[in-house]
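Shared between the two complexes below is chain A, which has chain B as its partner in the first and chain C in the second.
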Partner chain A sequence: MAEFTLRIRRWDPESGEAPYWDQHTIDLEPHRSVLEGILQAKARFDGSIGIRCSCRAAICGSCGVRINGQPGLACHTHLDHALKGAKDGVIEVEPMGNMPIIKDLIVDMDAVHWKKVQRVTPWLINKEPIPEREYIVPHHNMVDITQSMACIQCGACVSDCLSMEVDPEFIGPAALAKAYRFAGDPRDAQQFERVKDLAEDPHGIYDCTHCFKCIEACPKGVAPMNQIMRLRRIATGTHHIADRNNGERHESAFVSLVRDHGLLWEAELLPRSYGGDSFFGKFAPKAGMELLDSLPVIARGLLRRKVTPGKAIMPPRDVPKDAREEIKRIFEKVEGRDEVRELNLYISGYDEDAEGAETASASSAAPQGQTSAERGQPGMSPEESPTR
Partner chain B sequence: MPEHDVLIIGAGLAGQRAALAAAEAGATVAILSKVHPVRSHSVAAAGGINAAISLDDRWESHAYDTVKGSDFLGDQDAIEIMCREAPGEVMHLEHIGVTFHRNEKGELDLRAFGGASMKRTAYVADITGQAILHVLYEQLMKYHERVDRFEEWFTTSLIRDDDGRCVGCVARDIRTGDMQTFKAKATILAQGGAGQCFKPTTNALICTGDGIAQAYEIGAPLMDMEMIQYHPTTLVENGFLITEGARGEGAHLLNSEGERFMEKYAPNKMELASRDVVSRAEQTEINEGRGVGPDGSGIYLDITVVPRKRVLEALREIVNIGKDFAGVDITREPIMIRPGQHYIMGGVKTDVHGQVPGVPGLYAAGEVACVSVHGGNRLGANSLLDTLIFGRRSGEHAAERAKGMPIPKVSDAQLKADIARIDRIIARPRDGRRVSEIKDELGTTMNRYVAVFRDEAGLLQAHETVRRLKEQAKTAYIDDRGTVFNQDVLGAIELGYMLDVAEAIVVAALERKESRGAQFRTDFPERNDDEWLKHIDISRNGDDTPQVSYSPVTITQWQPEERKY
Partner chain C sequence: MKVAYWPGCVSRGFTPELHGSMEQIAPLLDIELVELDRASCCGAGVIAEHSQELADTLNARTFALAQQVGSDTMMMNICSTCQGAQTECQERLDASAEYRALVNENLAEYGLEYRKGVKNKNLLWLLVEDYGLDELRKRVKRPLTNLKVGPFYGCYIVRPTDRLGIDDEYPRDTYMSLLIEALGGTVIEYAGAQKCCGFPIITMNKEASLRQAGRHLGDAADADADCLVTPCPLCHLNLDLQQPLAERIVGRELNMPVLHLPQLIGLALGLSPKELGLGRHIVKPTSVIDWSTSVIAGVA
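Up next is the complex of A and B:
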C-alpha cells in the first residue's frame, strides 16, 4: 500500500459557486488505477464526487477525464505513473475539454460528441441485394475496420482535439473514425457519397491538422487521425474528389513537392494547391485570394521565425542529390504496389515467428497503429508507459 | 408523463434488440437506461456468439450442448427456440453491420468455445459484445424518430395497477433529478445481472440487480437464483475477465507443477469443458496446494502456445488487459488467473416470449431474466445469443400485445412515494454505516460462502449476514445532498436491490440440497435427479422474506444423463 494525493476539480452547478480544487489522500497499491483512487475517496470521504464509471477495465468508456492535463481513462491510468506526471507530487484530475461540464468530472457528451457522431450517418447502408447468408467479404477488410470498431466512445480524443478548439464545428476525431468504419466497410453502398460529404464539409476531413493529439489520447489504439487520413485517401486516391475545401489539390501539391524536392517548399505550396505547378508561370486566381487571406498568418510566421524568407521562397537546397533520388525511389515503390494494406491495431505485420515480425513492421510505410495502441497512459511519455 | 406502447428498461443488447424489434412491429417505444447505452455491460462480452451456421452443424447439436451444459436444468423448449433461431439472428447482425471476422473464403469465421461439440462461435476479435452493442446503437441512432431514448435515467420502481398489470415505472433523470412516471402498455426489463453482489466480480459497477429486485418487489417470481457462474479465467489481481476465447484459440491451464491438470477432470474437452467444470477443477487444484502465485491462489493460463500473430489479431483486448492491469505480456509468458464471479443464470422467471408469469404486461430478457436456457450453467457465447433472441421475442410480443390496447391509467401515487423515499435517504442522519461499507461486506461475504464450493454452514452464515446488512441498509447514510448527478443516492437504492437479490441467491442455494451445474454443495456432492430435477422459484412474502416454491423442468428430447467432458 502507498499513499497518493488526488487533487480533483469540483463544480456543483446548484451551488452558484465557482469551480474549485478538492484534495484527498488515498491508500492503494501503486499499480491500482486513478479511478480506484477516486472511488476510494468517494467511499471513504465524500460520496458526492461526481464521475461516470462502470466497467473499471477500459472497455465501457465512461471515465474519460484529464489527468495532469492529459486526456485518458481514469481506470486505465496507474497511480504510480500518474504520480510521475504530477507537477508537485499531487495527481490532478479534471473533466475533459471541448465539452460542457455537468458536474465535477462529468461532461456533456451528448452536446458535442454524440451530436457529431449522429452527423456522419453512423449506420450501414447496405449494398443490394442483401444476401440470404452473410456478405462474402475479404477477411482483411473486416479486420481493418475492426480498428475503428474498437473505439469505445470515451471522448478522450475529442477532449484535446486542437482543431476542435479552434473550430468547434469540426466533426472531430471520434466521429470521423466512426465514419471510416462505414467508408471502409465493403458491405456499405455509399462509400463515395460518404467521403464526398465529409470532403466537402468545411468542418470535415480537411479540417484536421495532423497534430497527433488524438492518437496519443486514445486508450484503445484506434488512432483516429489515421482513420481521417484513410478517409482522405479514399476521397483522393479512390474517388478523385476535387472538393471545395481544396483538400485534394493541397494534398497532391504537398506530395508532389516532397517528391520533387525531397522537402516541403512552403512558398510553392499555395500556388501548387490552387494553380499549376510553377510559382511564376501558372499562378491561379484562386491562389491569389487565398494568398491574400493567408498574409496575416504568413506575417506572423515570419515574425515568430517559424519560416525564414530565404528558406520559404527558395527551393530546398540542403537535400543532397542521392537523398532526393532515394525519396523518389520510395515513392515509386509504394505507388507501384498493386494493393496497399495498412497495419493497424489488429493487423500487426507479425509473421508466425518473432524474427520475421520485426522486419515486417519495420519495413512498412503504414501508420503506426501498433505503437499507438500501446500508449494511452495520460500524463507521461510512451517510453514510461507500463505497457512497454 | 411519457406514454408509450412499449417501455424498455435497460439498454444493453437485450434492451436495444427489444426496442428495435418493437419499433419494427409498429409500436411506440421508449428505452430508458441508467447509463448511456454503449456503457451497458454487454460491452464487456468478449468471446463471441454461438449459432449453428456452419453447413455441417445442426441447431439440434447446439441445443444438446446447451442442455448438457445446463446440467439438464435448462428448459428444453426454450433452448430449442434459442438454438433454432440463432443462425438467423447472427445473419441479421451481419446485415446491419457487425464486423464479424471472416475465414479465407470471406465467410463468417467460427472459433471453438467451452462445452461446444464443434466450432460455432462467431466473433469480432475479442470485442464481440462491444461490436454488437455499438452496431445496435447505430440502429437506434438511425431510427431516432421511432424510438425515444432516455439516457441516464434511473428506474426507482415498477408500477402495478389494481388488476395486477404492470403499467410502467417511475424513473429519475440523473442529470436533473427530475422524477417522472412512464406509462406503458408493456414493460420489458433488460437491466442485466447482479454481479456487484459479489466482490470481486467481472461485472461492471452498474450490475446491481436492479431489474431482478424491482420485479421481485412487485411480486414477480425469480427462478434458478442459486446458479451463479464463476468464470474460470479472471485475473487474480483484480477479478477482470480473460475471455474464454483464449482457451478457444488453444491456451492451456497449468498448475504449480506445470501440469495440464484438466486431463484429470475432463480428458476429452480439456480446457474447453463447460465453465462450472473448469472452475471447480481449478479451485480443487488450488485447494489441494497446487495453485501458483505467492499465496498459491492462482492458476496459470498459458496463451504463449497460440501463435503471436493470431493473438494480436483475435485476442487484442486481453493483450491490453494483461499489460495494463497485470503487467504481463500474454504473448510471452503465462498469466495468473482464478475462478471469479461472472454471471447469474437465474433471474426473473419468464416464458419463451419473455412474459413474466403472474404479472401481465411485464416482460424480461437477457441476464435479468431466467427463461431458463442456461439452467445450472451457461455455456460461453450463449449469453449474447440469449439477450438477442429473447430481447427480440419480447419486443415483438410486447408490441403485438399493445395493439388495440388503451394506454393504461396510472396515478402518481408511486411517483410521490419514490420522491419521498429519495428525500428521506438524502436526509438520513450520519449515525448509521456508510453505503460503501455495507456493499463491501456483502460482496466479500457472498464471494466467501456462495462461490464455487458451498455448504450449509457457510450458506447459513451468509444468510445471517445478508439479513443483518438489510437492517443496516435502512439507516445507511450518504454525503451528496444535491439533485444534479446525485450518484450517491442512487448507490443507496442500488444497495437495497443488491441485498434483495443476494438474499434470494442464498435462500435458493440453501434450498437445493444437491450438486448440479454451478451449485456444488460439499455436503451434497452428487446430482440427485429424483428429488432436484426441478427449478427453485423465489417470490416475495408480505413480510419481506423470500418464499420458496418449485416448478418443473421442461424436457423435450434429451433425458438427463451422466455429464462428462
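Up next is the complex of A and C:
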C-alpha cells in the first residue's frame, strides 16, 4: 500500500458557490487506478464527490476526466503513472473540457458529445438491393473501419479538441470519426451525401486544425484526426467536392504549386485557396475580398520587406531547374497511376523485425491497404496500435 | 558538426529571416550546413491527405538526398511542421520493407534510394540531444538575462508523442524551456505553449484560426512574457504576420513579438537584432523589448 494525494476540482453549479479544489490522501497499491482513488476518497472522506463510472475496465467510457491536465479514463490510469505526471506530487483531477459541468467531475455529455454524434447520421444506410445472405466486403476495408469502431464514446478527444475550444460548433473528433466509420463502410449507400454534407458544413471536416490532440487523448487508439483526413480524401479525391470552405481548392492549389515549383509559393496559395486553383484564381471576386480583408497585414508585410513585390509575383526558384523537373515527373508518375498505393499501419502493423535488415523483396504492387493485409490484427490492443 | 540541412519552404518564403538567422548562427556554433537545395516541400500533411504515396515519395527523396551527404549524417530541419510531416512519412517507410521498396521504385530512375533509419531532427532536438546545452552555454556571449520568453512549440513537434519519440528519456516537449534557460532567459509558463496556432485552417475558418492565435498571444501577455519563441515558421505566420487581424478578432491589443528559434539563439550568441532580421517582423521585437536593459551582459 502507498499513500497518494488527490486534488479534485469541485463545483456544484446549482449551489451558487464558486468552484474550488478539494484535497484527499488515499491509501492504495500503486497499480490501482485513479478512479479507485477517487472512490476511496468518496467512501472515506466525502460522499458528495461527483464522479460517473460503471465498468471500471476501460470499456464503458463513463469515467472520462482530466488527470494532471491530460484527458483520459480515470479507471485506465494507474496511480503511480499519474503521480509521475503530477507537478507537485499531488495528482490533479478535473472534469473534461469543452463540455458544461453538471457537478464536480461529471460533465454534460448530452449537451455536446451526443448531439454531435447524432449530427453525423451514425447508422448504416444499406446499399440496395440487400443481399439475401451476408454482404461480402474486403477484409482490409473492414479492418480499416474497426479503428473508428473501437470508440467507447468517453469524450476524451472532445475534451481536448483545440478547434472546439475556439469554435464550439465544430462537429468535433469523436463524431467525425464515427462519420468515417459509415462513410468508409463499403455497404453504405450514401458515402457521397455524407462527405458532401460534412465538407460543406462550415464546422465540418475542414474546421479541424490538425493539432493531433485527439490522437493523443484517445484511450482506445481511434486516432480521430486520421479518420477526419480520410473523410477529406474521400471528399476531394473520390468525389471532387468543391466545398464552400475552400477545403478542396486549398488542397488542390497546394499540390499543384509544389508540383510546379518544388516548394510552396505562399503568395499564390492564399488567393488560389479562395479563388480557385489556377493562375487566374487570384482575380476571382472571393480572392479579391480576402485580399481586401488582409490589407492591413499585406501592407505591413511589404513595409517590413517580409514580402517583396518580386516574391509575390515570381514563383520560388530555390530548387534548381533539373530538380524541379524531377519533382514534377514524380508527381506525374504517382498521380498518373490508377491504382492507389497506401500503407495503413493500423491494418499492417510494423514489420516483425522492426530493427531488421532489408530482407523482404517486394516487386508486386500493393493496392490500397492490402500490404500485408493478412497480418491485419483487429484483435490487437488498440493502445498498442502503431498508428495511434 | 556537419548536418544535411533542410530549410523548408516558408523559411525561404514569407519568413526569410528564419533561414537567414539559421545561416548566421551556424558558423558561431561550428555547425556546417549542407543545404538540401534539391529537396521538395514536405507536403505539410496536405499532400499526404491528397495522396499518401506522393507525400511518402517526396519525403523519401529528401531523406535519400540527406543520406547522400553522408550515410551517418544527421538531417536537420528548422520547422516543426516539416518535422511532423516528415516523421509521419518516415514512420510508414520504416515500418514496412515492402512498402519502402514500392516507394523507392519511384525514385530509382533518379539514382536515389531511401534506406531505412534516417535521423531527422529539428534544430531544437539536435541542440539538446546531440550538440549539448553545455556546449551552447559556453558560446553564449550575451545571456538573455531578465528576458521573459514564452515557448510556442507548434503541434507537429509535440504530438503524437509515440511517433515523435517523446518519452521519459527524451522529454522533447520540454526542450524549449531547457534551451531558453541555457541562453540565460526566463521561461514564462502560459496556457498556449503547446496548443495550435490556428494556421492550418486560416483559409477554411479564418475567425476560428485567428481566435486561436489571438488567445495564445493574449495568454502570454497576461503571463507577462516579453516575447514568444517558436521553432515553427507556420506558427510564426499566424502569430506574427496575422497578429493585427488576430487583435481584431479577440478585441484586444496584443503587441507580442514572436522570435524564430535561431533568432533567440543568435541574440544570445552576440548577433545584433539587425543581423538576425528582427526588423522584418510585423511586431518588431525591438519596439517592445529594450535590449539594452533586457540583455545585461552586452556583447563581449
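We take it that the second predicted complex is superposed on the first by the 268 of 388 C-alpha atoms of A that agree within 3 Å, B and C clash if a C-alpha of one lies under 4 Å from a C-alpha of the other, contacts with A are read in each partner's own complex, and residues count from 1 in each chain.
Simple rule for what comes next: a residue touches a chain if its C-beta (ideal position, glycine included) is under 8 Å from a C-beta of that chain, and two chains touch if they have at least 3 such contacts.
In this text the structure is predicted, and so the values were computed from the model without any measurement.
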**Request:** Name the contact category of A:Cys53: first (chain B only), second (chain C only), both, or neither.
**Result:** first
**Asked** When the two structures are overlaid on chain A, which partner does A:Leu345 contact: first (chain B), second (chain C), both, or neither?
**Response** both
**Prompt:** After lining up the shared chain so the two structures overlap, which partner does A:Cys208 touch, if you call chain B first and chain C second: first, second, both or neither?
**Reply:** second
**Prompt:** A:Asp12 contacts which: chain B (first), chain C (second), both, neither?
**Reply:** first
**Asked** After lining up the shared chain so the two structures overlap, which partner does A:Ile327 touch, if you call chain B first and chain C second: first, second, both or neither?
**Response** second
**Message:** Taking the stated contact definition, name every residue in chain A that is touched by chain B in one complex and by chain C in the other, in rising order.
**Reply:** 345, 348, 350-351, 354, 386
**Complete:** So, in the complex, the side of chain B touching chain A is made of residues 35-36, 38-41, 43-44, 53, 91, 94-97, 99-109, 124-125, 127, 130-131, 134-135, 138-139, 141-142, 144, 151, 175, 204-206, 238, 240-241, 307-309, 312-313, 316-317, 320-321, 323-325, 327, 434-437, 440, 478-488, 491
**Request:** Enumerate the contact residues on chain A facing chain B in the complex.
**Result:** 12-14, 31, 42-44, 46-48, 50, 52-62, 76, 102-104, 106, 109-110, 117-118, 122-124, 126, 130, 132-139, 142-143, 145-146, 149-150, 152-153, 181-182, 185, 187, 220-221, 345-348, 350-352, 354, 357, 373-374, 386-387
**Message:** Taking the touch rule as given, give the residues of chain A at its contact with chain C in the complex, in rising order.
**Reply:** 84, 162-163, 165-167, 170, 202-203, 206-213, 215-216, 229, 232-233, 236-237, 245-247, 250-251, 254-255, 258, 262-267, 270, 273-274, 293-294, 296-297, 300-301, 304-307, 311, 316, 318-320, 323, 326-327, 330-331, 333-335, 340-343, 345, 348-351, 354, 358-363, 365-366, 371-372, 386, 388
**Message:** Per the contact definition, I'd like the list of chain C residues that touch chain A in the complex.
**Reply:** 9-10, 12-17, 37-41, 43-54, 56-58, 61, 84, 91-92, 95-99, 101-102, 106-107, 110, 115-116, 155-156, 159-162, 168, 195-196, 198, 200-201, 203-205, 207-209, 211-212, 215, 237, 241-242, 244-245, 279-282, 284
